[in-house]
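Order of writing sets the labels: A, B, C and D. Residues in every chain begin at 1.
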Amino acid sequence: MAGNGFGTIFRFTTWGESHGPAIGCVVEGVPPRLPLSEADIQHWLDKRKPGASRFTTQRKESDRVQILSGVFEGKTTGAPVSLLIANEDARSKDYDTIKDQFRPGHADYTYWAKYGIRDYRGGGRASARETASRVAAGAIARKILGDGVSIRGALVQIGPHAIDRTRWDWRAVDANPFFCPDAQTAKKWEGFLDEVRKAGSSAGAVIEVQASGVPAGLGEPIYDKLDADLAKAMMSINAVKGVEIGAGMGAAALSGEQNADKMRMKGGKVTFLSNHAGGILGGISTGQDVVVRFAVKPTSSILTPLKSVDRFGKEIEVSTKGRHDPCVGIRAVPVGEAMTAVVLADHLLRHRAQCG
Amino acid sequence: MAGNGFGTIFRFTTWGESHGPAIGCVVEGVPPRLPLSEADIQHWLDKRKPGASRFTTQRKESDRVQILSGVFEGKTTGAPVSLLIANEDARSKDYDTIKDQFRPGHADYTYWAKYGIRDYRGGGRASARETASRVAAGAIARKILGDGVSIRGALVQIGPHAIDRTRWDWRAVDANPFFCPDAQTAKKWEGFLDEVRKAGSSAGAVIEVQASGVPAGLGEPIYDKLDADLAKAMMSINAVKGVEIGAGMGAAALSGEQNADKMRMKGGKVTFLSNHAGGILGGISTGQDVVVRFAVKPTSSILTPLKSVDRFGKEIEVSTKGRHDPCVGIRAVPVGEAMTAVVLADHLLRHRAQCG
Amino acid sequence: MAGNGFGTIFRFTTWGESHGPAIGCVVEGVPPRLPLSEADIQHWLDKRKPGASRFTTQRKESDRVQILSGVFEGKTTGAPVSLLIANEDARSKDYDTIKDQFRPGHADYTYWAKYGIRDYRGGGRASARETASRVAAGAIARKILGDGVSIRGALVQIGPHAIDRTRWDWRAVDANPFFCPDAQTAKKWEGFLDEVRKAGSSAGAVIEVQASGVPAGLGEPIYDKLDADLAKAMMSINAVKGVEIGAGMGAAALSGEQNADKMRMKGGKVTFLSNHAGGILGGISTGQDVVVRFAVKPTSSILTPLKSVDRFGKEIEVSTKGRHDPCVGIRAVPVGEAMTAVVLADHLLRHRAQCG
Amino acid sequence: MAGNGFGTIFRFTTWGESHGPAIGCVVEGVPPRLPLSEADIQHWLDKRKPGASRFTTQRKESDRVQILSGVFEGKTTGAPVSLLIANEDARSKDYDTIKDQFRPGHADYTYWAKYGIRDYRGGGRASARETASRVAAGAIARKILGDGVSIRGALVQIGPHAIDRTRWDWRAVDANPFFCPDAQTAKKWEGFLDEVRKAGSSAGAVIEVQASGVPAGLGEPIYDKLDADLAKAMMSINAVKGVEIGAGMGAAALSGEQNADKMRMKGGKVTFLSNHAGGILGGISTGQDVVVRFAVKPTSSILTPLKSVDRFGKEIEVSTKGRHDPCVGIRAVPVGEAMTAVVLADHLLRHRAQCG
């Protein structure tokens, strides 16, 4: 109810602040007898880990995950899986100056307005550090989905520079620091982002996640449509301002003829001749690739001093020093993948519940 | 759990099919002693009612709402409010031909894949007729929010034709059949949509909803952020493929400096010098206008025959005759308003629960 | 959240007041393709119907149920099943005198204290008439459980007079107006209850429900134990003050040796040599009969004038005329059966969700 | 959904096994700005701690609680409070012999039947050690309720020996190792339980919890009645087989006249002349003391060899050595208090949500 958890049957609840002793989550509804180790989870956490390149924050966190419960002799037991990740490199003193200040674009003012108290150190509960827990939960979700379902994310735009989709190559994604599927554009981004970084500025981004192998039939009409839950999942990620399924906002400009995904039989199975639907019709998966995109706003922490106010109602100028991602969108790729995985795993179990 | 309800404290659950005896909903968590009559609800239903112009479906439905419970001597009692709207003009025979067919873009195939049974008459449960229940629930949500909160929607794009935002005039919205805030563009749409309609084709649309007077502090970190719940709410509406908050997908192209909403004091209160955030930071309302946009795909029912398959795996051609909205986006305006109202009302009560 | 629904995957939400136009419920999570007709539900409603004998209220209600959604061509579709039962014999004028009075033992004072408004006609929302919706939902739950699971209830005590369990005969249950499994005790009750009725007094009762054929493995540790959910289910029935599983309160007086249900193999299956556990260990079904008992307090509506107060703080005497059950426990038997059915059906689906 | 949490607005989710590295819980919905320290929680944990007398298990656990999140500078922030308690004295080897055996009365067989895997060490997830997390959550619930609400528990029966209620003295409760409010009976229990312990047997118990100062109006009709939630709360505690509110099972034997709690005005406030209702009418608190009782079965771990089976279907004899509570009911007193506190705190916030 207080908003710290996600999912219904497969459900995880996260806790922790950026500069507290640790962060973590409790993952419930995990089917029993799945092989699960810390290494299985660590693999995905390492993709999100800060400091992987000069384009992400220089905070040093090993992000080592510990399994505290729910696994016995290497297998899940059906009991809740409690995961803990220690905070190692919190420099709380860096934040003393902003303790009473509201940084534009950050959640400082709204947390204060809501709670009348604020853990200002590193963004407290509002820090993107919380997303490590999502990635950990996503790793378990992938186990539930099994090898037949493949979930891959990519960065398709940084600032105003979108990729050329005709050059899409999944192999490129791991070969550059941006999870970019278009090697040429990745090069361009490097120059662009170096400038942004040096200027103490920041850039937004668009992430696309594709899930292949999703069986037809997942999603619950009317309000827990597969796309509705994906939209919520993505919009709950820090700094996200837009979510699209398939043709997305662009669907508005299409005619009925253009937008229709025609159907044919192929090898005894229903196939579609295009995928404007993004793999979802009426809130239920069609068996095609599920395609989700989301936009991340530019990091709010920038060097340029901005007009703001403090909690005493005084007008001030704020500029943010310290260690920040010039483009938080990069590290949002594994987070978007994880959120897609948890939505799909939950709906797989939900479907099984009602439809057997 | 099965996805027919929305909200937590203020929660409504809908039921009914397009061609069953009736549709309706049960609205729970309504604070006691609010004045509420059928007329209060009817006012909003009439905005969504079919047949208001030649640009919407010609199905004749009076959409009369009946209050069956939860109101005593003109006031809510705190007990659930049960609402019922009879179906009057269902022509089920129109649908006999498609009984075994899967219409591209519709939920026919996915309902079949999920449930192995399908009420094909008028789209059954997947019909946009269900949204009448949302509008009814939204009317009650508005009562909870009170007169201080104003929620208004408008159509800002039909097909490829967007409005000119500099001409935005709320008074224009009620003066054309499109809820269009730009009288000049409304004229253009008239011609465009007449052509679409005559060609038996269809067009998509973009709707924008603005909520003014929302107090700062609504929204629950982390997963039930105000924007996350709005995204889910909008994406759960039939045919929606994209949702944006504030700057939306366009935020990706901005720099940190451009995107930051600077803050100043005005009359002793915090104000913002712009609203790229769409009134939400860290998932919590800032006190600015909450701004949500969503894209509706073109109606899937078109005259042009399309390649498809039937439930026996036979390849067919489908063209859809009958009564349809050439642009379902028009009637989505009051639905988007209603969903905004229910999200805000729920979060108002949730905030009160935890923070007093 | 507001407490009008029960269950998670199989979930029903009830609405309606004693003297409103109708009562009803929305049943969600029903698996698709189950045969379901109004007659299937009516069968169980008729068991609970008032006026079956002189020992129950003389209010005349045919309790005809209507299915408004979720069933197509005689089968469930997976969409919510909306059920409606009209109120036919509401004599609201009978209640004018108590409109400002708080009747001892009734919910008059507490509804007033909570909501500041009260539909006083026939108990309003607090009327036991609401339990008709439970019985209707229970009928659907039985369909989900299938013929392999048999749920039967019986009255085992009226006032201070308990049955002799050695004479337990399920065939007797339908042969007397009390659902009493002991024909001899039923006779005694007849005399006892006639006196109670003539004196304008009332009596309490104990109901026992037994469910056979429940597979081992149902129930969710820790908080949604099968017995925890049964306890909540029974305690939520009007006038219930105690719930027991298996040995119940009496378990406290047993030694570890006496209480232990020893186990042996029989035909390749685990069997138990006794059933103090009531078919549940660690919150999970053992495969034995699930045994639940609950105590219903004497009807609060009695002729004897009782000291009370009204809503203006005036001290008064209240005596309740009108049509009442001298022992509400009798009609609680089908309600207890229904609540057992809904708990089991929900846990069957929940188990399937997590454990496949 | 998977049953590891309790509550709606104030909600806690527990995790951990008896012999894992730690146990703990995440507490959500805590109002902001409440003073909270580890010492505040430790106070209540120490009441439940094993080894306080020879009548409880000799396992040595300091049960030190750590707050990992949600508290900043000594005050709650509104973010989830994560609590961790390390396991210190787990002797897993003691359990090697029962690894494939099903102990009668324990959850061994049912966990196996449900999950097909079982952490047999010390009862795993089914261990009463989990209740430490409940006590910790209860400590926070008490903070929410404030000093005006007092929640006190007592043991009122061990084995067949009930207290004499006319000698009830709250001061006695802390002066004997049984939380017994009747000093004379406590003496008797000492002798009785010494015999039980020496015989390697065990005894059941009845606990009563009383909450004073509860405002009228808490509880949500129909299914989340205050008593329904209390019944679920108590029945979810390990080994509980019965729950009573006020007159409880005994209410069945009363007449309407005897059972009615008459009302008068006193100092301008409604008062009751008796409390058979246990402070709850129609599922809503009356303002009187809320009175709950529950029965705990005798500990299933006894020395006497019992007929059982193992997971290979072999018939065996099981006797349980090791460290056990001869009467688990004793340590259930602080657990019952905690569960009462969490139910009341949740309903306080729920009431505030809907009714302001």
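As a working rule, a residue touches a chain if its C-beta (ideal position, glycine included) is under 8 Å from a C-beta of that chain, and two chains touch if they have at least 3 such contacts.
Just so it is clear, the structure is predicted and the values come from calculations on it, not from any experiment.
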| item | value |
| --- | --- |
| Required steps from chain B to chain D (each step between touching chains, minimum) | 1 |
| Same or different contact residues where chain C meets its copy chain A, judged by the half mark | same |
| Distance from the mean Cα position of chain B to that of chain A, given in whole angstrom | 26 |
| Centroid distance [mean C-alpha coordinates] between chain C and chain A, Å | 46 |
| Mean-CA-position distance for chain D and chain A (Å) | 39 |
| Residue list for chain B, restricted to those that touch at least two other chains | 1-2, 4-5, 8-9, 14, 29-30, 32, 78-79, 114-116, 125, 221, 350, 353-355 |
| Chain A-touching residues of chain D, taken from the complex the two chains share | 1-2, 4-5, 8-9, 11, 13-17, 20-24, 26, 28-30, 32-33, 66, 68-70, 72, 75-82, 114-119, 124-125 |
| Chain A to chain C touching residues, read off their complex | 1, 9, 29-32, 78-79, 221, 349-350, 352-356 |
| Residues of chain A that touch chain B when the two form their complex | 1-6, 8, 14, 102, 104-107, 109-111, 113-116, 125-126, 130, 157-160, 196, 201-206, 216-225, 227-236, 238, 240-265, 268, 270, 273, 276-278, 280-287, 293, 295-302, 304, 306-309, 313-315, 329, 350-351, 353-355 |
